[in-house]
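Both complexes shown next keep chain A, but they swap its partner, so chain B is in the first and chain C is in the second.
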Partner chain A sequence: MMSLSDAALTRLRDVVDRPDAGDRYAVHELLGRGGMGAVYRATDQLLQRDVALKVLPPEHPEDIARRLEREARVLAALEHPGIVAIHDAGRLADGRPFYVMRLVRGRRLDEQVRDETPGERLRRFLAVCDAVSFAHSKGVIHRDLKPANVMVGEFGEVLVLDWGVAKRAAEVAGDTSHVLSAETGDTGDGVAVGTPGFMAPEQLIAAAAVDVRADVFALGALLRELMTGGKVAAPLRAIIAKATAPTASDRYPSVDALAADVRAWLDGASVSAYAEPVWEKALRFYRRNSALILLLLAYVVVRLFILWWRGV
Partner chain B sequence: MVVAAYRTPVIAVLRKQWSLEMEDAEDLAHDFFAHALEREWLVRYDREKGRFRTFLRRCLQDFASTQYESSRRLKRGGHLTAVSLDHAGNMSTAAEVDRLFDQEWARSVLTLSLDRLREECGASGRQTTFDVFVAHDVDGADEPPRYADLAARFSVPVTQVANYLHWARNRFRGHALETLRALTTSDAEFREEARTLLGRDA
Partner chain C sequence: MNKPVLGLVAGGVLGIFDGLTALVSAPEVAPQIAGIVAGSCAKGLVAGMLIGWFAKKVNNLTAGVVFGLAMGALFALPFALMPDPTTGQKYFWEILIPGSLVGLIVGFLTQRYGAMVLARR
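Right, the complex of A and B next:
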């Protein structure tokens, strides 16, 4: 019997674990690993470009294989600049299911916004809303939105990643899985759909009750995370509170409604989630129309002066 | 299969936790498996209660503790013992011993898989394929030799080296998973053990 050195042990573990991607893809370093598989940087030898290869481990059970295939189909249905593009899918030579997607080079959203102004952070957040809203329009609910799943690419584009636990709205209605912890990232039936802190309360009870408002909740939690570290204005706090309301019916009915409020705040307009005191309303009105108000004031002053002059 | 896969990790634990010399650890490991088979400990394994590996590790702990107590009694009575366990002087933590057991178990399973690959290659006239694989992924694991060097050494074209490695790696993966299947009793245990085998739950 041969005695394996530590280096040989490491190497042979890698031999077993590393996907056999055949002639088309040269597999390089491991980029990340979750309950639903591993993502490697790979080179598409045919098209001569780097891609990300998501593949299940060699010991994968068949139900997880079906989930990966469904994830690939969900991604294929979501052609949007804010959603990572899928290029290829299938089974590797060693039988493992895989899909190939665009390799995103960039930073996690929460890392990217650390040095950005509140306005810039909010515009990034609106880009996330845009992608999620598009998915909703296609009947897909992400169910695991969190900072780790949003990247800012090298051209400044915001990309929503990891649709591994996403479901089509029609599927969610009949889904009996419960939502537990997301530490494993596992997406098997009856386990782990979501991440504590970003998961709507109804996801903990029964997935059958989950609709787009679960993503609204997660986006509210994401917005809170993005605005951490500075003083958050009262209307923004109200937007976050409404988006993350424990009861789904108290939240924004859609991501578009949430985005509209954020956009309104950015434009200095009134926010539906916030009951504004009169003096704040007046101040906001003045800020939005200061030039006109000053012009009118100047006109009145001049007019009064003329009247006074003639009277004299 | 069970003895072949677990003999090395059992010896490693006996040496680490109980400070035994190699020869004594081998003797005690032999006694442990002999007892296990004779008294049908392994038959008592209930897969509902956890992994087989954890069960066997617990059996070993009980067995070694009993041996330790026996050796103390014999010492007090002025008798010599074949194996002298020195638990008190050992500073290894339980976590360290567990890690060692896992590591040696993985080494053992992959060694068995390599043996199977060697047998397969030998039986199918693919000895060079096996030798290239060993030269690149086992002996050369620290710093793998270049394909061109292997091609020159084995007098084959460079492309053939790539083909040999591709085939051998696939077969090795298959043998490793088959070995693991043979050592586990359910799909869930198989997947858990695969994570340990591949060092993913470290």
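Right, the complex of A and C next:
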């Protein structure tokens, strides 16, 4: 009996799964496949522009269909420059739910920052914080923040993607379903929400206990990932340690608080997570005010010179 | 602190300090120190306010520093040209150089540390 290679099987699966999106959308190549459906590049025939179309496979449980529809509604509620915009949603002729969003052309955040300075990396991180903080203000918790879910667009904009496991804060309290891992593609009860390494410990134990501090944990892990490959300053290490504290109550209470500390470090100000020794405080003060200190020293030197000149 | 207020405060404080240094650089003027300090403070307040006002209008560090230096020199000049009433001795460079430097420092301070006041609608 002839056996098919893995590549041939994948190709066959792609052809079978390729959605027929009717007259409105012409579906092109597969961009990616995750735990909750596949994303294709498509052309909106009406508006004549490329879009990304996310759709479930032909065989899917109904609760996953509801989850995709909820993801679409969550995205629709989050109109922010740092969150990918949704354009359309509905069901295909074969009953598969789909939604259409902006096609992001760019690179993953971790790939983008490889050649960037620590300052540039931190500014990108702050842009992620800004988007996540906005989502929190709308009562939405992402629950799966990681480098793969953050893209840097062609204009340098930072976009948080994949809100598939996001929940409204009110829903999280009553959530017992657990969910899926985008890495493994697993779905269903008993599988923790998120991605190992970026998932807060409480996400493993009980989804009911998850609040915005789970995203704070993931952002801390993301920050650690972004800063690898170079020497990380002690205050930044302290920020990462506080954000990724195993106990939620030991973390920053909000993403804004985390961002404020990162911003303070960037501005050369003191960081709440770091107990600074006196000599470091003095050095930081000197660095922030070196020009003024040198000017005042110049004044003293001039005064001393005049004393010497006059022979006092 | 907004720029004119910062200029006023910095000019006044540095003016007092600059006046007091006369006790060290020219101890013979000790009997007139109160007048020297008051004059130096007044000079600092006026110059500081002008420098702060300039910083509010022109948001440029170099321009602010140059304007501060010029104002410091301008306001120090009459005092530098004034001879000691008792000895008749002049302290031209001893007053002009530190006075100009104080103006420069106030110019830098207002540009670097002064807050911009946004117009209210």
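Just so we're on the same page, the second predicted complex is superposed on the first by the 275 of 312 C-alpha atoms of A that agree within 3 Å, B and C clash if a C-alpha of one lies under 4 Å from a C-alpha of the other, contacts with A are read in each partner's own complex, and residues count from 1 in each chain.
Criterion: contacts are C-beta pairs under 8 Å (C-beta built on N, C-alpha and C of every residue); 3 or more make two chains touch, one makes a residue touch a chain.
Since the structure is predicted, the reported quantities are computational estimates derived from the model, not experimental observations.
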| message | For A:247 in the superposed arrangement: first (chain B), second (chain C), both or neither? | response | neither
| task | Would you check which partner chain A:290 touches, where first means chain B only, second means chain C only, and both and neither mean what they say? | result | neither
| message | Contact-wise, after the overlay, does A:302 reach chain B, chain C, both or neither (first, second, both, neither)? | response | second
| said: Can you tell me whether chain B or chain C touches more residues on chain A? | reply: B
| said: Looking at A:117, would you say it contacts chain B, chain C, both, or neither? Reply first, second, both or neither. | reply: neither
| field | Which of chain B and chain C A:310 touches, first, second, both or neither | value | second
| query | Which holds for A:45: it touches chain B only (first), chain C only (second), both, or neither? | reply | neither
| said: Quick check: in the complex, which residue numbers of chain A touch chain B? | reply: 1-5, 7-13, 15-17, 20, 33, 57-59, 61, 93-94
| For chain B, which residues count as touching chain A in their complex? | 103, 106-107, 110-111, 113-115, 137-139, 141-142, 144, 166, 169-170, 172-173, 176-177, 180, 187, 190-191, 194-195, 197-200
| request: Could you pull out which chain A residues touch chain C in their complex? | output: 291-292, 295-296, 298-299, 302-303, 306-307, 310, 312
| remark: The answer for chain C against chain A in the complex is residues 21, 24-27, 93-94, 97-98, 101-102, 104-105, 108-109, 112-113
